[in-house]
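In what follows, subunit A forms one complex with subunit B and a second complex with subunit C.
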Partner chain A sequence: MLSRTADHLFWTARYLERADFLARILDATTRLTALPASYGRPGNEWESAVASSGCAAGFYALYDGANEYTVRDFLAFSPTNPSSIRNCLSVARNNARAVRTALTIEMWEAINDAWLELRRFDAKAMDREEFARFLEWVKAVSLAFEGSSHRTMLRNDAYWFTRLGTAIERADNTARILDVKYHVLLPATEQVGGSLDYFQWTTILREVSALTAYHWVYRESVKPWLVADLLILNRQMPRSLTSCYETLVRHLDLIAEAYGMRGASQRVASTTLARLTGTRMEDVFQSGLHEFISGFIADNNRLGVTIAEQYLMP
Partner chain B sequence: MATAFDEMTGVPGATEVREAYVTLKRWLETTPRHLLDTRRSQAELFFRRIGITFAVYGEVEASERLIPFDIIPRVLLKREWEILERGLKQRVTALNRFLADIYGPRECLRAGVLPEDLVYRNPCFRLEMAGVKVPHDIYAHIAGIDVVRVDADTFYVLEDNVRTPSGVSYMLENREVMLRLFPELFEEHRVAPVEDYPDALLASLRSVAPAGAGRDPTVVLLTPGQYNSAFYEHSFLADKLGVELVEGPDLFVRDDVVCMRTTEGAKRVDVIYRRIDDDFLDPLVFRPDSVLGVAGLMSAYEAGNVTLANAVGTGVADDKAVYSYMPEIVRFFTGEEPILKNVPTWRCREREALAYVLDRLDELVVKEVNGSGGYGMLIGPHASRQEREQFRRKLRHAPDGFIAQPTLALSTCPTFVAEGMAPRHVDLRPFVLTGADGCRVVPGGLTRVALKEGSLVVNSSQGGGTKDTWVLDA
Partner chain C sequence: MRIRIAHVTAYHYDRPVKAVIQTLRLTPRAHDGQHILAWRVEVDGAARLSPGEDALGNRLHVLSAEGTLDSLGVRVEGEVEMLDTHGVVRGAVERFPETVFLRETPLTAPDEALCAFADAAASRGTRDRLALLHHLLEAIHREMTFDTEPTHAATTAAEAFALRRGVCQDLTHVFLAACRHLGIPARYVSGYFLRGDGVVVQEAGHAWAEAYVPALGWVGFDAANGISPTDAHVRVAIGLDYLGAAPVRGARTGGGAEALSVSLRIEQAAWQTQA
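And then the complex of A and B:
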């Protein structure tokens, strides 16, 4: 297929995944800040939402401080934030439109309908309830797009590049949450704090839609080291770093097989996966969670660059 | 201006109905109005959802607009269509021979069929093409011939579009939406299908692949990109054809061979169905500032390693001054009398014609020789005195740039407008394909309708709409 087509598919999927991620961060943060103050919230949860989104620099250039309204405006609607939900959906739609022919009609309708409907949401007039509905709608858009790609696309390189875009963005998103919240994720040997931390942990789980999954997997109350284990190493959890890399390696292998040639992308992805599967949570805590996550984010970015060089813009 | 011929009743307001419309008229009279209204909004929703939009240059906010679609089809009988079809094939055959001749032996110029300077001084004449041999001598692989009707028996050709004619996606999508919304109408009418147009187009394109292309030539569709007004059509056609939709930067030329950049490396391209104008094709030969084209493309083309459809330099043949010589061109190249009429045309470059035109500005239509899309045009009977005086000055200043024609009473067709059903003027653009095995016309075409009462301008950029076009079998 055309390199440009692969590039657009990859980025359409990435942007939709990012929109979904932002919706979940906003949703979880709104919930956390709704807790009574007696639970002793120390920091500013809205600051941490901005940090998790990965666009803190852009935010503080525009606003004096992080609160519900500035963060909501910036992450959801701001035309100046290139990664706001609104921009993610518009860019995804533009990418999709440029490669209409590579999408199935169902995928196109999912993204084009979203783009048409987006204009009907009035950011200014939205109260909390309407905003919550908006976030649900954003999640539904990503679901509809990914679901229709899964149900309707031919299993060929177009599908594989779409899956790569989703998986690499998802790995980045999970890692960013961990990067911001690493200080509340402590090993089993440490003394853990009170109820505040509990809400921090459940918020993390909500941000990756994994609260229910947690209970099914561990069958015990929420423990910080298990939260870290679920998000980093657990292969059953679709947003864990390991699971994302299994997806990346699998689809890169399918591409290599179809094209009859392996390259740097296959090597970089399988090296990262090997490191994840060969690690135990104790080792990660031993060498430092923060260092581990920073290293992972850098590796994940390197894979993005490698895929681009090998396939998307040779 | 004479009273317009109405396609349904013959004479406007008459109670009798022409044969083609008998069943349709009964259906229109018996179907409740609210049902028709529901269907109209469903049609609009359909077009918006599939994203069939067009951009209007110079309008920022409405950068993606729908062309209004009218649910009442325009109906032709098979015997009417057969005359049109023969006439269209004859005309396009003549156009192709004319182009092969002016870029080859130039016999028609020696024989004085038309003045030499109309060719040589034509801005669309490409000297680069002189002596270049194109596969099977075909230049206009895809032609859109605009036809208007003035009475039961008479069709006039208004314009020949042989550069990059657009609109065929509307022909196909209009039929698609009609089939979805009014299946019962198709049970009662035997409507000739148009759905095989993409297959016919692909076959034509493959048939003109360069000799070295092998048995399975690679065809691509070259688009200026998604900000072009016809981008929807480009992506629609590429999809239906099953070929890659490429932009200039996706292609490169190495050793006079055109390749596209793919995820598996470079892949050779044999036939380019290009939807960008000559000027932008190759920055090394034409406009150096073009970022839409491919450097080296012309050199690969002249080396015979790639086929461009349509060929470079076809614009000479859809010039309005050359148009006025089409009857002579048809006679010269086919040895037959033209089946389709030309609108009588005064060439303002001729002194007597100019005087005639200046005397009758209030009854004639004056057009710029190189204008298109309904711009740069004076419709005398509808123009203000001021507009007419403006054109009088333009005509005196540069008469060569203009032709004039009588104001034709374009036929009308019943159309839904705000007040209900009313007659509106229509034209018809059938699409003629030419490949190594000859000419083909899909039965139908794009009917454009001027939605404003009394208006004769059907162009979508100026408030025109479209209709499905039916050719009834038997």
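And then the complex of A and C:
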């Protein structure tokens, strides 16, 4: 396979995963801000939405403050934000079009229809209800794309690179949410278990659609260290860092097997997975949740660069 | 280097066994330089296998079977990708501070002769711990002869040292006893070793030691071969001594005498590596 093809497949999957993540952040933040102000929220949820998206610098260059309208505009529709939902969908579509023949008809239709339909949404005239419908639609687009790749693609390197793109972006997104919200997950000395905390924790779970999963796994009320455990170490949870790395290691191994050689990507992914599976939650809290997450984000970026150097560059 | 391992342990009993319980430390963890491509542990018959982890972070399986068994077999198959890290172990699971591994055990208790030997190796004028450990490794490798005859699983370090003979387990115990006598944390490692002479079928797994060097962390020392572990050493479990890292430990009720047969194949798998 040409490295160019692998590159386009990888980034198509990454951008669609990112669009889905942005839709989830916006959805969860809208819910959180609908709570009565008497819960005494410190800070501003819209600011933390911008921080989770990882494009705070670009945002404050354009707007004075974070509120529902500016953040919604920036994260969902802004043409100047390279990671807005609109840009994610159109970059994903451009990548997909460049390797149209490497995709199945179902995948191409999922992404091309989405791109055509995107024009139908008028950002200016959208009220809250319509915006909520828009977010649901974005999530449906990534479901359709990932579902059709799962159901229709040959299990060869094209499929594996698609999976790598999804998994690496997913790991990054989960880690970003944890990084922005880590202070609400720390075992604090005051006011633990207040209603505010409860809503913050459930928001984190909602952002990664894990609220139901949480109750299935732990069968008890929402506790911060269990939220962190679910999203970092739990192998059953498809968005947990461990689970994403199992996917990365498995597909990198398949690629290495098919190409007959292992390289730096396999080593980096395997090292990170070994660290995740050898870690216990008490160790993470002891050495610092924030340090752990920042270290992970750096490692994950390093893997992205390594994969690009090994496979995606001509 | 890619290594394929097939390890079958089979027990045949004179009379049927009522109950068996075993702890299997047969599953390696990945660390920098060791990647597990595939690994499976299987038992035949009606035995139950439940996975777990011990206090040191070793992966283990508890095997339990009840009823009337004439035989019991445990089959391990795996493939690992190894990189030579010059014996330095990084990225492994560490549950305790290194000083825990200063603890002496009955199997690694030194006697006067062994203490004197360790002191002699230490008195060669170096203050560098790594150089000292290499002196010690060399001295043990030179002094002791590899011989499967005179020792058994319960031979202590002092006994083996008095004989100047033993298998990898005994040489490792001598190394551990000497290190701990000198105040250097050291631990037992059980694993597999791909032989350099092309012999694929082996009689037993391998064992070596790891000692703690402040600037480097844990560094491996293979006293049986007189080298630090290379990419031919697959690291499976660690312990204070053989008993803590033993691949199989167990107990049973009934069964009379047992016959144990082990079949172990360790070979290099075809694989091109990227420079």
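Following the convention adopted for this analysis, the second predicted complex is superposed on the first by the 307 of 314 C-alpha atoms of A that agree within 3 Å, B and C clash if a C-alpha of one lies under 4 Å from a C-alpha of the other, contacts with A are read in each partner's own complex, and residues count from 1 in each chain.
Definition applied: a contact is a pair of C-beta atoms (placed from the backbone, for glycine too) under 8 Å apart; a residue touches a chain by one contact, two chains touch by 3 or more.
This is a predicted model, so every value here is computed, not measured.
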Clash or fit (per the criteria above) of subunit B with subunit C on subunit A: fit
Partner chain(s) touched by A:A274 [first = subunit B, second = subunit C, both, neither]: second
Which of subunit B and subunit C A:E109 touches, first, second, both or neither: first
Touch count on subunit A, higher of subunit B and subunit C: B
Which of subunit B and subunit C A:S240 touches, first, second, both or neither: neither
Touching partner for A:N300 - first (subunit B), second (subunit C), both, neither: neither
First, second, both or neither for A:S83, with subunit B first and subunit C second: neither
Contacts of A:T166 with subunit B and subunit C, given as first, second, both or neither: neither
Touched partner set for A:R4, first subunit B, second subunit C, both or neither: first
First (subunit B), second (subunit C), both or neither touched by A:D253: second
Cα-centre angle that subunit B and subunit C span when viewed from subunit A, reported as a multiple of 10 degrees: 110
Minimum C-alpha spacing, chains overlaid - subunit B and subunit C, in Å: 11
Residues of subunit A that lie at the interface with subunit B and also at the interface with subunit C: 261
Subunit B-touching residues of subunit A, taken from the complex the two chains share: 1-6, 94, 97-101, 105, 108-109, 112-113, 116, 157, 161, 255, 259, 261, 311-312, 314
Subunit C residues touching subunit A - in the complex, by the definition given at the top: 29-32, 35, 37, 57, 81, 83, 91-93, 271-274
Touching residues (chain side subunit A, partner subunit C) in the complex: 253, 260-263, 266-267, 270-271, 273-275, 277-278
Of all residues in subunit B, those that touch subunit A in their complex: 48-51, 225-226, 231, 235-236, 238-239, 244-247, 249-250, 260-265
